[in-house]
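Please read through the structure below; I'll follow up with questions.
Order of writing sets the chain letters: A, B, C and D. Residues in each chain are counted from 1.
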Amino acid sequence: MAEVDRRVLYWVMFIALAIPFISPLGLPVPITETTKAVYDKIETLGPKNIALFSIAGGVSAWPEIAPSMVAVMRHLVKREVKIVIWGFFVDQDITVDMIISNVPELKTKYKYGEDWVYMGYVAGAETAVAQLAADVHAVFKADKYGTPIDKLPLIQKVKTAKDIDVVLTVDTGSYILYYIRHWNVGRGIPVAEIGIAMQADMIVYYPVNLVGVMIGVRGGAEYEKLIGRLADGTIRMDAINVSHLLFIIAIALANIGYVMVRRVKK
Amino acid sequence: MPYPTDPLVLSGVWASVILTLMVYSYVLFRETPAFRFAEHTYISTSLAISVIVSYDTLSKNAFTPLSKGDLTYLIPIVLGLLLYTLPFKEVRWISRYPLAFVVGVGTGLAMRGAVHAQMIAQVLAAITLPKAPQPIDWFNFFFSLIAFLTSTSYFIFTREHTGVLKIPTKLGRYMIMLALGSYFGNTILFRMAMLSGRVEEILKVFGIIPWR
Amino acid sequence: MNSTRNCAHSCGCPLVLQDTVLRLCNRVDAEDVSLSFSTRFNSREKKWPRTRSALVLLTLYAAAGAGTPPGAKLKPIKSFKLVDESYLYSCEAFLGENLEEILLIISGRAFSFVVLVLSFVFFYIAIQLAKKGKAPKIRRMIAMDAIDEAVGRATEEGKPVHYSPGYAYMSLSSEQGPQTLASIGILSYVASLCARFDVPIIYNTCIADSLPLVEETLRAAYRNEGKPEAFDVKCIRYQPGQSEYVSAVLGTFQRERPAVNMMIGGLYYECVVIGEAANVIGATQIGGSANIHQMPFIIATCDYAMIGEEIFAGSAYVTKDPLVTSGIAGGDWMKMLLIAITVIGVVLELAGVKVITQLLSW
Amino acid sequence: MSNVLRRREIILFITGIVGGLNLFEYFFAVKEAAAVASAIRTWVVIISAFALGLGIITAFRVHISHVKRRTKGQWPFSIWLMGFFVLLTLIGLWDTKFIVYDWTFKNVYVALSTTLYAITGFYIFSAAYRAFRARNIEAAILIVSGVLILLRNAPIGEAIWTGFPILGEWVLMKGQVGGMRTLTFVAAVGLVAFGIRTLLGMERGYYGGE
């Protein structure tokens, strides 16, 4: 028990994860404060406000962040907040397409260029985030689709960080820190994180700088509950439950095995 | 949503699931030719995409402003081209010039961010007293404070961890472990969400669960 | 005051102004916000003899001129801190004057600057001590000492050493850049050992702009060992992205079965994958990163771990040059100083004296 | 001329100036410095984009050699890698909307990125299985803290015992804070010391000690 072929573990995990999709368990998802804080912030916004939706996570992180992205976007659209999108990942166009297909209001209710705009890819990581805070128009000469910025009324209004009312940073790495450093510190722009689980504790370290943090797929599931529209995040939470249980069982077995081996050795 | 019928979409979802299984063959069995195929296909595709993206970045950030007559953009373009002296023995040293800029910017940016957000802000947070404290808040405050002080003592390099430093550094190690354990646990949530996403995709494409 | 005056930064001012004042007023309500402003302000601009009152005045004017926002609590302000540049812009916009030009040092960053300057001073002192032969001793770093042993094992088994610097945002110009540099510093030591004992080294990376440095470092290591002809540039392998790099490393492990795996630098999710995959082939592992999120996995998967500062120190440690290692002592003094500030700060805070908190947010 | 330009001091000097400028610009509100620093940051984005070509040269160098030497079990894959790259690049440069490029991007590139990212799910499981053993007090603390977080994150923890999320919450929001603060803090101290060495041109390890 102390040493098993790793492949046994991998097969067990692989199969166990499939179970909840085949027969969902439907355990409840309690709402955490940090998610509620993001929701409350967006509730204060309206058609006069501009939200920045910054994508710093790849398509590969969809299972974790897509439910949150879609739920937050649905909320923004519901509140009729203006939306500026840009991002730092080469595959983000697909993410944006995914959001549009899940939030069709962007095509129907919203007018492109006036109510929302997608500026495309920005290279240069932190350097670019700092640059954008100082001068958006220096970075973008045109949007993703090649329309020059002077033909996009919304982006005409967004010249520097201070023209943005809230930054929603979708982030699987350190972009949240870049936004805190260059957009919040010194400029005071509220920053909210749509993050992966590892960023849960960001709020502890930067309580003053962050509005709230949505923690991974669970944050998405909670947000779905808050806006009253259950979707993928809620279903995926079942898989989370099963896998976490498996971890605990495995850790317990590993320790029992370890103690037994040590006794035998003695 | 019904199961896709459009040949383009259908071929796509099957291709993606087959490639997924090829990669997981490494994990679930061993390094197979299937994995090797997926690996090389991936790197090849990604190289091509990177070329397109870099070209796009260059034309937006350098070539377009240059064509509009902003000659200062010649500097980074020339510097960028100088990187290509690397393969040639006699002129290899020239490739260090562009790197001097890259390293300078990276170091400058990292340092300026580090001092404020990672040093000052942490000390400030450590000494900020709880507001309207209950006894439990005082406990938490001092717990964090002691954890901070002892674990920092573990990172003193110019003293051996004996004598006065023995107990604090040991306690410090425990505190670091508490932090790392929590990070470990938190990361699991994310990784499982990712893997379950792939499993869901496989089940969907094989028609085991309905398409959504 | 005219509320329709255009903003100097053309930021759609009235709206921003109103919102700003609202936020400012609400923040001022909180006790812990205190004004901090450069004292240079006074001497440079006679026009504003008292910065604090001027700003308070500005705020109130702004509130009056732009129309008091609903919900703003206007009351006498004892002290507040200009935490936000946009407040400054709003004030500027309101007066039509450029306050930023008058300011010399950006508010809230002054103490950071002091710390940075002190870091340089400590560094200088440490170097001077080293030059006099009084270099501070550095405690043993087990992970660094393990490198020799690990390369020795690879020599015995006749298998290669695998080295990689992690994802590190794929650029030296990112904030992860210094970690990549530190990693290449350690690489230079590993490579000379490999050259000395004729152990092949495999270097996988996805950081394109580090390639010249890596190549030069490896080349120099082989040249310094007197074996320039033994260096094969094909030991450097490049993949254009993080997951691409992971897939290549996985393949490399099973196909070439290195005896040692070293991953040091700006690691991200690859850490646990590479670490476990290297465990499968039984490689000795040395890992290190200053990225907190990967530290648990380095500890879980590696035989020897360098966490946080250790990778930066490690790069100096291997050089064994007293001038370089003394820099570590400078860092230690900085740590001790800030620990002292923390302890004093807590005591003073408990006594109700807010000197340290004010100093830190200066 | 080239002997002067070859001197390492000049290169280290440029690094120092560029780094120093980026620091100066952060602390002091001097518009000219900010403008220059900002321009240099744009340059660096451009230089980094150029570096990709070096990567391609590096990759091709390895694979051409495999093909030449007919490395067993490898060379056909090397041909495939290079051939497909050339094909896809040409298509992409011609039109990224073209169906082959678009299809490959979505179904090969994205699918494989997701798959490899998700592979961590397997490895973290075996890593936890191996690392979470109470060999000593430190390991025991690691386990307790990790398991409490697991029980906090999954709603199932609350279903088992309502106290788990509370304890987990304490670890996440309070218990781990001090240790994590230290890791953040000392990494920064190390980075600043390293940065100083780099900017002053003392950190020569990465220049190969030439």
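As a working rule, a residue touches a chain if its C-beta (ideal position, glycine included) is under 8 Å from a C-beta of that chain, and two chains touch if they have at least 3 such contacts.
Given the structure is predicted, the values throughout are model-derived calculations rather than measurements.
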Furthest chain, CA centroid comparison against chain A: C
Contact-richer chain pair (by C-beta pairs counted) among A-B and B-D: B-D
Inter-chain centre distance, chain B versus chain C - centres from mean C-alpha coordinates, in Å: 14
Where chain B and chain D are represented by their mean Cα positions, the distance between them in whole Å: 4
Interchain centroid distance [CA atoms averaged], chain A/chain C, Å: 24
Chain D, residues touching no fewer than two other chains: 23, 26-27, 41-42, 44-45, 47-49, 51-52, 54-56, 59, 73-74, 105-106, 109-110, 112-124, 126, 128, 130-131, 142-143, 146-147, 150, 153-154, 172, 176-177, 180-181, 183-187, 189, 191-192, 195, 198, 207
Touching two or more other chains - residue numbers and ranges from chain B: 23-24, 27, 36, 38-39, 42-43, 46-47, 49-50, 57, 61, 83, 86, 96, 99, 102-103, 105, 107, 109-113, 115-116, 119, 122-123, 125-126, 145, 148, 152, 155, 176, 180-184, 186-189, 192, 194-198
Numbers and ranges of chain C residues touching at least 2 other chains: 106, 109, 112, 116, 119, 171-176, 178, 181, 209, 211-213, 216, 239-241, 243, 247, 255, 276, 292-293, 295-297, 299-300, 307-309, 313, 328, 331, 335, 338
Interface residues, chain A side, partner chain C - complex: 6, 48, 60, 124-127, 157, 159-163, 165, 173-174, 177-178, 185-189, 198
Of all residues in chain B, those that touch chain D in their complex: 8, 11-13, 15-17, 19-20, 23-24, 27, 33, 36-52, 54-55, 57-58, 61-62, 72-73, 75-77, 79-81, 83-84, 86-87, 93-94, 96-105, 107-112, 114-115, 118-119, 122-123, 125-126, 140, 143-148, 151-152, 154-155, 172-189, 191-192, 194-198
Residues of chain C touching chain B in the complex: 32, 109, 111-112, 115-116, 119, 136-141, 171-178, 181, 209, 211-213, 215-216, 239-241, 243-244, 247-248, 250-251, 254-255, 292-293, 295-297, 299-300, 307-309, 313, 328-329, 331-332, 335-336, 338-339, 341-343, 345-346, 349-350, 356-357, 360-361
Chain C - residues contacting chain A, complex: 9-12, 15-16, 19, 23, 83-87, 89, 106, 108-109, 169, 171, 173-176, 243, 268, 276, 280, 293
Interfacial residue positions of chain D with respect to chain A in the complex: 34, 38, 41-42, 44-45, 48-49, 105-106, 109-110, 113-118, 121-122, 125-126, 128-130, 132-135, 143, 146-147, 150-151, 153-159, 165, 172-173, 176-177, 180-181, 184
